[in-house]
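What follows is a short report on a single structure.
Labels for the chains are A, B, C and D, by order of writing; each one numbers its residues from 1.
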Amino acid sequence: MSNKDVRFKIAPRIADELEDGQVVNLGIGIPSLVNAFIEGKEVYLQSENGLLGIGPPPSQDEFDIDLINAGKEPVTLANGAALFSSADSFAMIRGGHVDVAVLGILQVDTRGRIANWAVPYQPILGVGGAMDLVAGAKKVIGAATLFAKDGSSKIVKELTYPISGIRFIDLLITEFAVFSFNKEEMVVNEILVDMSIEELSDKIGIPLKWRELVG
Amino acid sequence: MKQKFVKDPSTLMPLFKDGQKILAGGFGISGTPLTIIDVIAASNVKNLKIVSNNLGDNGIGLHQLFIRGQIKKAIGSFFTMNREAVLAWTKGELQIDLLPQGTLAEAIRCGGAGIGGFYTKTAVGTELANGKEERVIDGERYIFEKAIKGDVAIIRAKKADQLGNLIYHTTARNFNPMMATAADVVIAEVDEIVEVGEIDPEHVVTPHVYVDYIIQTAYQKEGGQYVKQRCSI
Amino acid sequence: MKQKFVKDPSTLMPLFKDGQKILAGGFGISGTPLTIIDVIAASNVKNLKIVSNNLGDNGIGLHQLFIRGQIKKAIGSFFTMNREAVLAWTKGELQIDLLPQGTLAEAIRCGGAGIGGFYTKTAVGTELANGKEERVIDGERYIFEKAIKGDVAIIRAKKADQLGNLIYHTTARNFNPMMATAADVVIAEVDEIVEVGEIDPEHVVTPHVYVDYIIQTAYQKEGGQYVKQRCSI
Amino acid sequence: MSNKDVRFKIAPRIADELEDGQVVNLGIGIPSLVNAFIEGKEVYLQSENGLLGIGPPPSQDEFDIDLINAGKEPVTLANGAALFSSADSFAMIRGGHVDVAVLGILQVDTRGRIANWAVPYQPILGVGGAMDLVAGAKKVIGAATLFAKDGSSKIVKELTYPISGIRFIDLLITEFAVFSFNKEEMVVNEILVDMSIEELSDKIGIPLKWRELVG
């Protein structure tokens, strides 16, 4: 699969996790593609620059460069939207009122802590709302291709990239599998390719186990 | 009634001085007071400390001040896209204070609200918490952040009445309402100035007490970008 | 769409439990959720901790809960007019936490905003600062205040859409918007419920994410007071 | 003069101190009477429950029990008014955006610190916005009859009533005289009755001096 195909495989799987009535913040990158797969679901998209209720992408006529999402892409207002300041928006995020944040990640450790804002040995000059979302959202879903460009696994025993917060994420969705983190333990919820859990373990170099399905 | 509306923005030039801390509204280009920034550029003041989410883009907005070497320090949340700023920082020509976006917004709000500082859960345990006091409150970890205030705030709104009450346009609201509260002098750039009474008291976002000067923007949206319509300065 | 509108307010009774901390909007009777308070009265829950500016008046609003002995502790700014409350406090039958009105408002805002606590200049050097940490920030004295959160918030708004977006009526707004953000369960009492889309996104004061249940008020203004129109419970 | 006459003597003198364009918060008691004497001045009245721009008292038709000032009296909206929450209102007050607060006082010491919220040996159960206004307003004008009901002077060397904050007020307006506090020193600006400064000093038991008029 091309990188683009992979991303478009991950996005609808993320959409499957979203539930009617949820307030969801979609990060930049793969998470932003999720918007295209939630039609029919009553999900309310929050944008940290000050909007609850992102509508469908604008037509040529609707296009307004002032009305943008956190990735600075033009958007529209959904029916029932609300506009507010950045202070009010981050009060909403940090205060635990966003049900789900879907965040692109660079690394995740096997307990569920993520790195998604900076690269080692590079100037650290941008963070945006990443840390607020990690600290504040009720549920955090990580989204990423499982392997970096250099072939290394993004799931690691210890983060080597700068950490984004002390909070453990809930779910990691990759093109190979869906992982969940319960009580700081990583388990496999679902394998999305024709591969055994042992093969997947070998591929990422970390022993994996299935989530125990409780009654 | 105090005349807050200034017809010729260039007359505001004496408000800007070397070394000032300026709060500048905007997220990307949305909600950025482009005309006021042109005034600052023309004023040639130097060594500015700019508090803003980012530093504009493509020679527009704050990027212009950066290119002209007027900025000594930038306090904001996202400079990664300002490649020359990153380079200048690497060379030691630009100081940068990086704050999470929500911490930045909250610190400015506190600056305007008589709050000296606050404890936030954002960034606990990260490199951005280095050197910051940590405190456990009701079993949760928080870090301390000081309030931010400025000498001048330059903000962008949709509409002002002659008193200075402001309303905003969609996501161009962003940092503008907090910045309006947190500086000694506040200049608002608007699309439209209306009579007192034309803005419903229930809809006012920034009450007039916060606004010192109002100018009409020299920019209009055309073909997906802001284009300067009048040579205001 | 989640059905937040509850036709029969009495069905909300199971939300209230002994010992809860309840945030109640209102300043005097203005902006007080009278119908919801009637539900709490009818529920007979006890040992409530009430966070509200004051405790109602003349048997209306929170005063009713006080008379019925349902309140164990009141956290607010002004109880002087509630003479029986003062008496009960003297007898040790009612606990009172007194906060300056602005500190109360800010603490509730912080509770909803993921802020653990803040430094305010209000009350420095007074009896209300006794036992509170003091800190000098940039040469000014401040005292520390912890954020306030509740189990349930009961608020009063003018209009809700079916999603739960709220707008308020004049000074009946008061504490309601902050309280809407700072409790696990939020119940809004409104005059009118409209279709989604009828409230302009620019005018929404409380976005729907904060609101769990909506009821229509049973009270109407008549001859300078609120009069119960329907026997809702 | 009856007590009512006295109060109505103090109120217009306070109004004289207010300037066009100022945002003013009028406290409960004597300060609330000032409203009647500012006609013709462009003063914007702030009410801490969430309003900037109090209009004239309501007619029977306009009366709305929800629209009140901080003293819970019915008010109207002035042209150009703005409504906001209590948090935003106290951000305005504490943040130093209110030009003048006119506050009733119980005591003031000779440096300008005031007591205006509680009485000694009584339950302390109400403070409202008093301390926020003392701490936050750019200028504080104290308003009071000079003597308490028991005949004691409200100007004292040391406060015996609970203090309202560490801030020194700027001006004290009584029915006898106007006092100002500069660099923590009390001086007499103006005597409003037929009395010498020595007689006034004797009356309150504190030596008084005139403000030195500079330039």
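The rule is simple: a contact is a pair of C-beta atoms (placed from the backbone, for glycine too) under 8 Å apart; a residue touches a chain by one contact, two chains touch by 3 or more.
For reference, the UniProt names are A, D = 3-oxoacid CoA-transferase subunit B; B, C = CoA transferase subunit A.
Note that the structure is a prediction, hence the values are computed from the model and not measured.
Setting subunit B aside while every other chain stays in place, the touching chains still form one piece.
Farthest chain from subunit D, judged by C-alpha centroids: A. With each centre defined as the average position of its C-alpha atoms, the distance from subunit A to subunit D rounds to 55 Å. Chain centres here are Cα means. That of subunit B falls 35 Å from that of subunit D.
Put simply, the C-alpha centre of subunit A and that of subunit B have 29 angstrom between them. Residues of subunit D found to touch two or more other chains are 77, 83-84, 90-91, 93-94, 135-136. Among the residues of subunit C, those in touch with two or more other chains are 106, 109, 113-115, 120-122, 168, 170, 201-202.
In terms of which chains touch, the assembly is arranged in some other way, matching none of the line, ring, star or all-to-all patterns.
Applying the touch criterion to all chain pairs gives A-B, A-C, B-C, B-D, C-D. Those residues of subunit B lying in contact with subunit C across their complex are 106, 110, 113-122, 135, 137-138, 140, 142, 146-147, 167-168, 170, 201-203.
Subunit B contributes residues 27-31, 53, 77-81, 85-86, 89-90, 96, 98-106, 108-109, 120-128, 141, 168-178, 205, 221, 224-226 to its touches with subunit A in the complex. Subunit C contributes residues 1-2, 109, 111-115, 161, 163, 165, 181-182, 196-197, 201-202, 204, 207-210 to its touches with subunit A in the complex. Here subunit A touches subunit B in the complex through residues 47-51, 63-69, 72, 77, 83-87, 89-91, 93-94, 118, 123-132, 135-136, 162-166, going by the rule given at the top. Across the complex, subunit D meets subunit B through its residues 20-21, 23, 42, 44, 46, 52-53, 77, 79-84, 90-98, 135-136.
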